[in-house]
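Below, chain A partners chain B and then partners chain C, in two separate complexes.
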Partner chain A sequence: MKKQYAFLVDSELCIGCFTCAMACRNYYHPPEGVIWRQVYPLDEEIYPHRERAFYSLACNHCENPTCLNVCPVEAYTKREEDGVVVHHQEKCIGCGNCIRSCPYGAPKYNPVEKRAEKCSFCHERLDAGLKPACIQSCPTGALSMVDLAELEPGNQVQYPAGFPKMEDVNPSTRFILPKLPRLVRR
Partner chain B sequence: MATNKSAFSRRSFIKGMVGAGVAGLLPCRFLVPQAQAAAFDPEEFQVFRNACPRNCYDTCSIKTYVKDGVVRFIEGAPESTFTRGGLCVKGYAYTRRPYSPDRVKYPMVQDGRRSGKWRRVSWDEAMDKIARKILELKEQDGNLLGLGMTKYSGNFGITNYAVEGLMSSLGYTTRFVGTPCWPAGIDAQNYDMGNMWCNDPEDMVKSKYIIIWGANPAWCSVHTMKYIMEAKRRGAKVVVVDPVFTQTAAKGDVYWQPKTASDGALALGMARHILDKGMVDRNFTDNHGLGFGEFADYLRGNVTVEWAAEQSGIPAEEIRQVAEEFASADPATIWIGYGMQRHTNGGASVRSIDALVAMTGNVGKEGGGARYGHLQTWGFNYNAMIQQKPEGSVGFVGGAAKGEFDFTSGSEASYSDRTVNINKTAQNILDTKDPALRMLWVSCKNPFGQDFDRPKLEKAFDTLEMVVTVDQFFNETVANSDIVLPVTTLFEEWTVNASYWHYWLGLNEQAIKPMYEAKSNIEIGMALSRKMNELSPGSCTFPQEPDTREWMAKEFNQGIYDLFGIDDWTALKNGPVKAKLASSASWSTFQFGTPSGKYEFRSDICKDNGHMALPEYMEPRKSYDKFRLLTPHTKFAIHSQFLNLDWMQEYDKQPYLYMHPEAAAEKGIKDLDMVRVFNKVGEQKVVAKLTTNVAKDCLLIYEAWFGKGSTFNVQNLVDDESADMGEYKAGAPGVAIHDQFADVEKA
Partner chain C sequence: MQSMEFPLVLFTVLSQAAVGLALMGAVRVSSGPQGRSPRREWIMVAGLIGLGLLASLFHLGHPTGAPRALVHLSTAWLSREVLLAGTFAVLAVLAVLVSKTEVNPVLAWAGSLVGLGLILSAGMTYAPPAFPAVNNALPATFFLLSAVTLGAGFGSWFASESRQPLMGGIFGAGLLVALVLYLVVPCVWLSGGAVMRMTGQTWLGSGFYWVHVAVLAACLLVFRLTKGIPVWLPVLLLLGELAGRAGFFADTIHTAANLGGLY
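After this line comes the complex of A and B, so read on.
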């Protein structure tokens, strides 16, 4: 298998602190309303306590990315060396095809640039031997980077409850599910 | 080529805008990867060292990347094993702070409090107005006790003690002393051990059993969570005790939800069971403890596990199990949160938990400890604070209390400053006479966001003739002021920051020039001193020379250098340093700071100060309304700071009331309904979210300030009832923030 970088979201370690989301904002300064990485609380049907378990999500850097497939001007490329899906904003015409088509809602419309944009996996940081800003920021190591070509089988899953199952695009993100403590309530 | 050209023109553009002081208004996107983006090149940036000066356990060491005089991004210092390259959600929002369009940019005067009619004045005009008022007070009262200063945890940078220094340099003034944060627990630990001193949090990985009691590190000390989780990975059991099923509780093995303020009973019940089971560490209690026999007699005579179960709502079998597990684990530790001592019985509860840790031999042990906080690394010179009074100054006759961060040695003058309880700000403004408080100087603090009984506070402020507030944003205290002075952010000033939890020390360099007309607290003091002396020579002794870097250097001494193993403060430019600890455990030599030199299960000082000698049970405050009301910290803010930033509001747009679905059903309240929460203090409208994370008899609203005209304020619902302890070491009793009650209805 070819090298494919992916985000590993360990919800067992995740404390829902939103540090990853703000670290991304700190690094890229997107305008208001443009969010590359968001932290989503799990529905109570999935985890039985409101806002106590989370998935941190950004672009999934899919094997077969819809954004790339629907783009009329080839503003998207998938890097050979690590599978990172790159959006080239200078080529983008702002048609919105990618925004409408991505089943995971990763591309966003930037009202200032009048074009799309999305999580870049901080590829310019990767190329300098650094971690993506979100991963470096995570205080508990709940968000990490893995190479799917080398990922050992374990307790990680590709489609946890609540995460759309889109086998055609084959999203790269992997998840570890949250645990529950023993509760003693009065 | 196109990319380079665009980058160049954007850079020049920004540079021009910074000069005009409006860079903050731009959607500035410096680091968007371009088509052929080159790898990140750190050489393109100037890197500065900063440190977070907020009231937070973590006091993170920051690396700041500056290009063309603009902060581009920040990250955690990799040198600190505590911060380890990361910050928190609040920390990363700092990048926006100096450039926020909402900053106070210039000195401004408000024509009529709360009128919003602000007009820009020059620094000279502002200082003239203030200086003339100070001279008028002195002339009319014969002293300066009519000038009050309230300052607390908005910025714990050491050089910010220049605010106290400025007051001292004017004469004897009135100081609001004490702390809303942690005083009951500080006193409790001082009675028991002779100081408040915690283990290095990094040694929690060695713990085999961790009880987190009334603390929520998943939100309030995110970097400590990695040690707790590492301990868990190594097999430790983590028990979380909290009236709320917090984010920390969700990460534990066991969660206990006791009745609020029953912590003392719960700890004593566990202690009784450990005693009955013969699991007491006799070596510790015999050799390093004082009065354990009396404590054991008290337990046998007054406490049973069943009684503790009844008081707390935690089943007796559960209490027995956790007590036994805790006593048999080696080492075992309890983290005592500041929240659980914000009660009328908070100090007594902390003493009971201390005793539980001590009787199992876990005090003085690595990986053990009754962890609360420490001030071991705060031995600076406080040079900024020590200023001579002008000749002939008249002050208060008699002793005055000192705050918990006051490390200065006692004054020998016959006069002193007048002190009043910071936790009763409103009442003290109204009550203080001879002379009355006529003018107030507010800095590093937002009383309207933090102090209690806001409706009363508004009335109290209305009696003041002049209020000067030093701040970065137009908050509610500023709205209740006459003059606001813009103060620098951490990137714009020199200071140094220590933690009250971990043992790292971080330098704060000036990374960018102050935006707009902001000045540091030192520079504000200098500006006022120049004006005071111009109008009345000799009326202010505060220095007038402007090298603030020198002021920072003056805070260091050999003791600090030795503790941290550095020769000079400039070594901190290479990164934060950690105190050289003989052991990661506090009290590892078992030489306690008490009169007996032992751990005092029986404390005579405690008794002399009007409390019980033993860590006995104390009844909680009686309810005064239908529901318990809790107003703890949110993860998106530290008190009233951070949530007003547009960056933060991307992730947290509005406040909520959290309540149990069954309680809501009884009141006809549905999820996301607008409700009115009210009690004897005041009322607050807020949207309700239903969750079983809170008990049926509990209402939960997080403390925050959203800015931009939002009137939300939990201090509309919190009275100023005192906690049992705090006066001994902090100068004034704590405040029972979590002993509040309220009712709710659909709005």
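After this line comes the complex of A and C, so read on.
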């Protein structure tokens, strides 16, 4: 398997503080309402406890990205060296086809630029030997970066409840499921 | 509720009306004497596709980049849709230029085949995995029904007296199939997965949906009562199709709307 960087979301550690989402905004300064990384609370049907569990999600840098396949102007590329899916905004004509087509809602419309944009895995930071802004900012270590080519089998899952199962696109993000707190009765 | 995508509503409905009109013209050319003023009919085809293409530019953030939408023909159905829409428009203009009293059957059928390709590619463009309810053959079927009903309706304006029953038969059958399909499909979605069920509920609670269904039923009733296609009826159907298409874009739910919930 070729090198494929992926986000590893540890929902057991995530406290839903939104620091990752804020770090992304602080780094890229997208206009108001344009959110590349979002923190989603799990429904009570999935996590039945008064405390909440969360998924921090951005672009999944899929193996077979829908955005790349449907873009009529070839504004998306997938980097050979690490599998990161990059949107080249200067090529984008703002047709919105990627926004409509991505099952994870990763590309967003920037009303100022009148073009789409999305998480780029901070590839310029990766090239400089740094971690993506969201990962660097996470105070609990719930968000980390893995290479799927080297990831040892463990308790990570690809399609947890609350995350659409799209085998054709094969999203790279992996999750560690949250455990329900143990009730100790005296 | 998502964006109504008004430029896309205009582009898809007007281009499908143009394709339907060309298809019905080709059917009449192949089945008997030519209708009234074939040149005027092709002027209408060219006008509809021209208006549709013009409207589609308003959907783009950067309309001047529209010609570059042709570069990804290998995988992007939108690129193929743009290519086929452009080719159809060129054929329509060519037909206007060459048809004086009669339509060239080769040109008529070439336009129809390219038009059907346009409907297929549009159906594939609007059937992405992000919309489970329409990630199938439904968009292409909806679009084909729009083309057939609008084409037969507007085609009656140009058909000779002897071909009016043919146009009426296609119009009535198309309306009946469309009405049944639009009534059944949202009910089927209610028994699907979470996002499909949300789509069914949204459609059934949508004014766009009910206006469309009411217009289809009204057109079918008028057709049955008058035993023909009154001259104003295709215009009413066009308005109904525009409302239905607005609902198609606004009321079909995206998978991302339920992130964190059960699928």
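The definition used in the following text is that the second predicted complex is superposed on the first by the 181 of 186 C-alpha atoms of A that agree within 3 Å, B and C clash if a C-alpha of one lies under 4 Å from a C-alpha of the other, contacts with A are read in each partner's own complex, and residues count from 1 in each chain.
Here is the rule we use: a contact is a pair of C-beta atoms (placed from the backbone, for glycine too) under 8 Å apart; a residue touches a chain by one contact, two chains touch by 3 or more.
Worth saying up front: this structure is predicted, and the values here are computed from it rather than measured.
Superimposing the complexes on chain A yields a three-chain arrangement in which chain B and chain C fit side by side. Touch counts on chain A: comparing chain C and chain B, the chain ahead is B. Legend: residue contacts after superposition of the two complexes on their common chain; A:S101 is shown touching chain C, with no touch to chain B. By the touch criterion defined above, A:L42 lies against chain C but remains apart from chain B after alignment on the C-alpha atoms of chain A. After overlaying the two complexes on the shared chain, residue contacts for A:Y55 are found with chain C alone; chain B is out of touch. When the two structures are aligned on the shared chain, A:D168 is found in touch with chain C, with no touch to chain B. Of the two partner chains placed by the overlay, only chain B lies in contact with A:S137; chain C stays clear of it. Closest CA pair between chain B and chain C after superposition: 15 Å apart. Taken together, the two structures place residues 38, 91 of chain A in contact with chain B in one case and with chain C in the other. Across the complex, chain A is touched by residues 59-63, 65-66, 68-72, 75-79, 82, 125-126, 128-131, 254-263 of chain C.
Note for the complex: chain B touches chain A at residues 2-3, 27-35, 37-42, 73-76, 84-95, 218-219, 222-223, 225-226, 229, 240, 245, 247-259, 312-315, 318, 635-636, 646-648, 650-651, 689-693, 695.
Touching chain C in their complex are the following residues of chain A: 38, 40-43, 45-46, 54-55, 57, 66, 69-74, 91-97, 100-105, 109, 113-115, 161-166, 168-169.
By the touch rule above, chain A contacts chain B in their complex via residues 13, 15-19, 21-23, 25-33, 35, 38-39, 49-53, 86, 88-91, 112, 117, 120, 122-125, 127-128, 130, 133, 136-141, 178, 180-186.
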